[in-house]
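Two complexes come next, and they have one chain in common, chain A, joined by chain B in the first and chain C in the second.
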Partner chain A sequence: MAWVNAIIQGVLTGGLYALFACGLSLMFGVMNVVNLAHGDLAVVAGYVAIGIIAVTHVPVLASFLIVVPVMALLGYVLQRTILQGALDRSVLTTLLVTFGLSVVIENGLLQFFTANSRAIGTGLSLVTGSFKLGSQIQLGYLLVVIFATAVVVLLGLQYFLSRSKYGRLIRAVADDKEAAQLSGVDYRHVFGIAAALAFGTVALAGVAYGMYSQLQPTTGTDTILLFAFAAVVIGGLGSLWGTLLGGVVLGVAQQIGAQINISDEVLAGYIVFLAVLVLRPQGLTTRRAQS
Partner chain B sequence: MTVATDTTTRSEEVFRVTRSRRNVAWTGAGALAVVVVLAMFPYIVYSGTTTIMVQAFIVLILASMWNLLAGYAGLVSVGQQAFVGLGAYFVLILAIHGTSPFAALPVAAIGCGVAALPLWWLVSRLRSGYFAIATWVMAATVMLVIEKFSSIGGGTGMQLPGLSGFSPTLLTADTYWAGLAVTVVALAGIYLLLRGRLGLVLTAIRDDETAARSSGVRTGVARLLVFVVAGAGCGAAGALLAINQLLVQPGAVFSVQWTAEMAFATIIGGLGTIEGPIIGTAVYMVLQQTLASYNAWYLIILGLVAITVALFARRGLWGLVDEHLNVRLFPVGYWLRSTDTAERRNGARRG
Partner chain C sequence: MTGPGNSQRLENGSPLLEVSELVVHHGQLRALDGVSLRVFPGEVYAIIGANGAGKSTLLRTISGLHHPSGGSVLFDGQDVTRLRPERRATAGIVMVPEGRRLFGSLTVEENLQVGTAYARQGPWTIERVYEMFGWMRERHGQRTAQLSGGEQQAVAIGRALVANPRVLLLDELSLGLAPVVVQRIYGMLPQILATGLTVLLVEQDVSQALRVASHIHCLLEGRTTLEARPADVTADQVEAAYFGLAGTMSEPECQVRGEGEAGGARRRAGDTARLPGGTSPAGASQPSERSERGEP
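Presenting the complex of A and B:
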């Protein structure tokens, strides 16, 4: 029964990983930017939420309404300035710049907020509460809510990209930005919109992670970026629903690893990631190998 | 090649393709003199200075290796700390079994070069940005695996045995000489590597990969070689680190901070030149020593400087020097030389 419990827990944490991964996947798919500062930005969002809650005493859930738009705006601005500047030079430059950003953000957080870990909404019944399924399976409300949120966000993204005007523009620009430019689309603005979307999901995921676990300055790279990336690769590059599957596979692998030996949780996830890389480098969902 | 034939048919006497420049002879003599003076440091400066110099050597070796990866082969690896850590652990394991850590150093370098082969097989499946994060995951995985072995300290680490017989003065001096030796071997190795066929291939990849591939250059093999050499070099630096700190902790030797330092030093100095990492290391050491009492600030400032340089001065500080003075300390490229001084400036200047 402990195993069934572990698998269910794994599936649910997979939702959180998918939430992290979809922004990474979106930015790579649209602008060919692999944002190495992705995880650190999630931590920044978490710290912003902590700050807002401490200063204004708004309820934890209301803090999302502030943090998500703020991070989305930051995403737009960052894309239009530094990231676009790097993209205009070369893909290599975007990597150097985002890696630089990652180190600067992480050490900045360390400098200003110390290495102490912080959690969000520790007293909330949503965070601490759980319900029983049968006699032995216990599920936290929070993980279920996060999983549901992840599914809703992915559905929303899917709908937005396939149906809305901006979604159409984003897809056009992702396919061929010069051709889109010729048809009168300002691809830089569209890139900004895509970055805003990605940063919004990152903010959501960062605050959710702060509620689910604890945030430290190093969480952004140690955990978030690497797990998000593993989820993207396991699921298959460039596929939104693959990302959810990848997150779930990673989560289940980690929970099963933790069942075998509590200290092997992270390692088990990486071993599955490496196995997918060796056996199915195109990911679990995509058919054609991508380079 | 086409350039050479074109010019020879046009005006045989006026141009010739050459590698050596007027300053090469005295650059070589100068490099030798610098090494001799550096080798005498333990006799003439305080031991505190040589300790700082060992740190500089480590950063310089790492930066030169990262430059080979990112500057020449286009491989942005964020996981080179895997090899720093492996190098340190090779020394630790050999020292536990009775080998002198100094004798273990070259073994560690070779061991890391060998370890780079299977790791390359894993990470080379991904390109560009995803390659970068894949190497990061690779480093994290290597660390988690190493931490499983409690006989080498598990998650907490271990003191390096085998050096208690040395007097502190002798140990400091020996560590310094070992650092100098590894640095000289690493820089000379990179110089010779880039002067050879691989250098041409890498320069071609650096300048335009598609064009290189369509001219029949086997980019995959070249990249594998660079990854192995960089693995061995970073391993040697890790071995030095273990000897210098006398302590091997998984969290410290496998820290991504090593990659941050090597990347920033390289970017600031100038990506894709041998001289760049040297300048970058100097900048790094000055900043680190000045801001040593302000914790993480030196990394924040280095990071901001590196971002600025990457955006606005892509060839780094050395690029600025090169643009204005047109000098090259380690000439690895070919020059189109004209007997007419005025035309010399217009020659093919990449290299």
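Presenting the complex of A and C:
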């Protein structure tokens, strides 16, 4: 029964990892940007939420309504300025630029917020509350809510990309931005919208992680970015539902590892990550020949 | 025929598109060297020339994908030389790029919808494209990768048309298509022109270009070698301009700026020029043989 419990916990944690990963996957899929500052931006969103809650005493859910649009706007602006400037030089330049951004953000956070870890206090029983399934399986409300949020976010993204005008333009520009220009599409604007979407999910990921665990200035690179990468690679680059699958596989691997030996939790996840890289480098969801 | 061949065109009013002394470099290579042309409303203006003559470069520069190092592009009297491609498209210069360049992960209808996203007001709608290409309506939900080369070309043309261009640029429509498919696609041209469009096309298949064009412009190594109406030139003159064999010109109707020394050296094995036989170039109607290309 303990194994069943581990697997269920792993699946639910996978939802959180999918939230980490979907923005990274989206930005890579659309504009070929591997955003190394992805995790740090999530942490920034978490700290912004902490600040908003501390100052205005709004409930956590209300802070989402501010943090997500603010981060989305920041995404649009960053894409149209720094990232586009890097893209105009070369795709490799974006790696350097986002790495630099990551370093700057991390040290900025250390400077202003110190290295102390902080959690997002909800004031609700949501974080600590749990319910029992049967006699031995205990599920935290929070993880269930995060998993549900991840599924809703992915459904929303999927719906937006496949049905809306801008979703269509995002896919068109991802296929061939020059051909899109010939149809009058300003791909820079479309890139900005894709970045805004990605940063919106980054904000959700950061706040969710702040509620689930604790945020430190270094959490962005040592946890969020790495888990996001692992989930994206396991699931398959550029595939949205692949990030959920990848997140779930990573989560289950970690929980099973923890079941064997508590100190093996993170290691077990990376072993699966490595195995996928070696045995199935295109990821578990096969979507080859995108061009 | 009295006077220069293009004196009649000037009566159509001011040119819709005016390219002056365009110079374009690809790195060290001077791909276009002072090319000028004027396209008047309602014309079918064909640019011909061998591989590497600069035809596609010229079209891509007009649509904004290449930046000229000299010269200017005027559209309807406005200087668009510095405008981005998307701004030119919304102003009315829309190109069907070489190799079709459809959005592979989008369906047929979604490809057309991208064309309408920033479209100008005008007669062309997705519905009208479906009327012109009947098969497209039934297969609107298919990915374009499942279509044949000719069908893909039709979707690419439809995607450009629904943007309601004033001048439609067609870059090598016949590339990689079977002759019968090329005939069918060019057969649509009168329907397109009837809606008031102007067409500027690049075609390597010279007999095809002479058949459809009201004006031809021959490039050789980035320079203009011939500008004339098809009816005013003989096959020999076109051939001379195409390969750079100057000195064979006798008719005063066409301006020829050939380079003698380029000479027959241009006629190399890789050239795929098909020049029409007979004495009346405009009348040559047999399809050129491009069977080595075939359907992709």
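Simple rule for what comes next: the second predicted complex is superposed on the first by the 284 of 291 C-alpha atoms of A that agree within 3 Å, B and C clash if a C-alpha of one lies under 4 Å from a C-alpha of the other, contacts with A are read in each partner's own complex, and residues count from 1 in each chain.
We take it that contacts are C-beta pairs under 8 Å (C-beta built on N, C-alpha and C of every residue); 3 or more make two chains touch, one makes a residue touch a chain.
From a predicted model like this one, the values you see are computed outputs, not experimental measurements.
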| item | value |
| --- | --- |
| Fit-or-clash call for chain B and chain C when the two complexes are aligned on chain A | fit |
| Vertex chain A angle, Cα centres of chain C and chain B, expressed to the nearest 10 degrees | 80 |
| Chain B versus chain C as contact partner of A:Met1, first or second or both or neither | neither |
| First, second, both or neither for A:Val34, with chain B first and chain C second | first |
| Partner with the higher number of touched chain A residues, chain C or chain B | B |
| Partner chain in contact with A:Ala179 - chain B first, chain C second, else both or neither | second |
| Touching partner for A:Arg168 - first (chain B), second (chain C), both, neither | second |
| Per-pair minimum CA distance [chain C against chain B, superposed on A] in Å | 12 |
| Where chain A meets both chain C and chain B, residue numbers | 291 |
| Chain C contact footprint on chain A (complex, rising order) | 165, 168-169, 171-172, 174-176, 178-187, 290-291 |
| Residues of chain C that touch chain A when the two form their complex | 63-65, 84-86, 89-90, 94-95, 97, 101-106, 110-111, 113-115, 117-119, 159-160, 163 |
| Chain B residues within the chain A interface of the complex | 70, 74, 76, 78, 122, 125-130, 132-134, 136-137, 140-141, 144-145, 148, 256-257, 260, 263-264, 267, 295-297, 299-300, 303-304, 306-307, 310-311, 314 |
| Sites on chain A touched by chain B in the complex | 28, 32-34, 36, 82, 85-86, 89, 91-97, 99-101, 103-104, 107-108, 110-111, 221-222, 225-226, 229-230, 232-233, 237, 266-267, 270-271, 273-274, 277-278, 281, 291 |
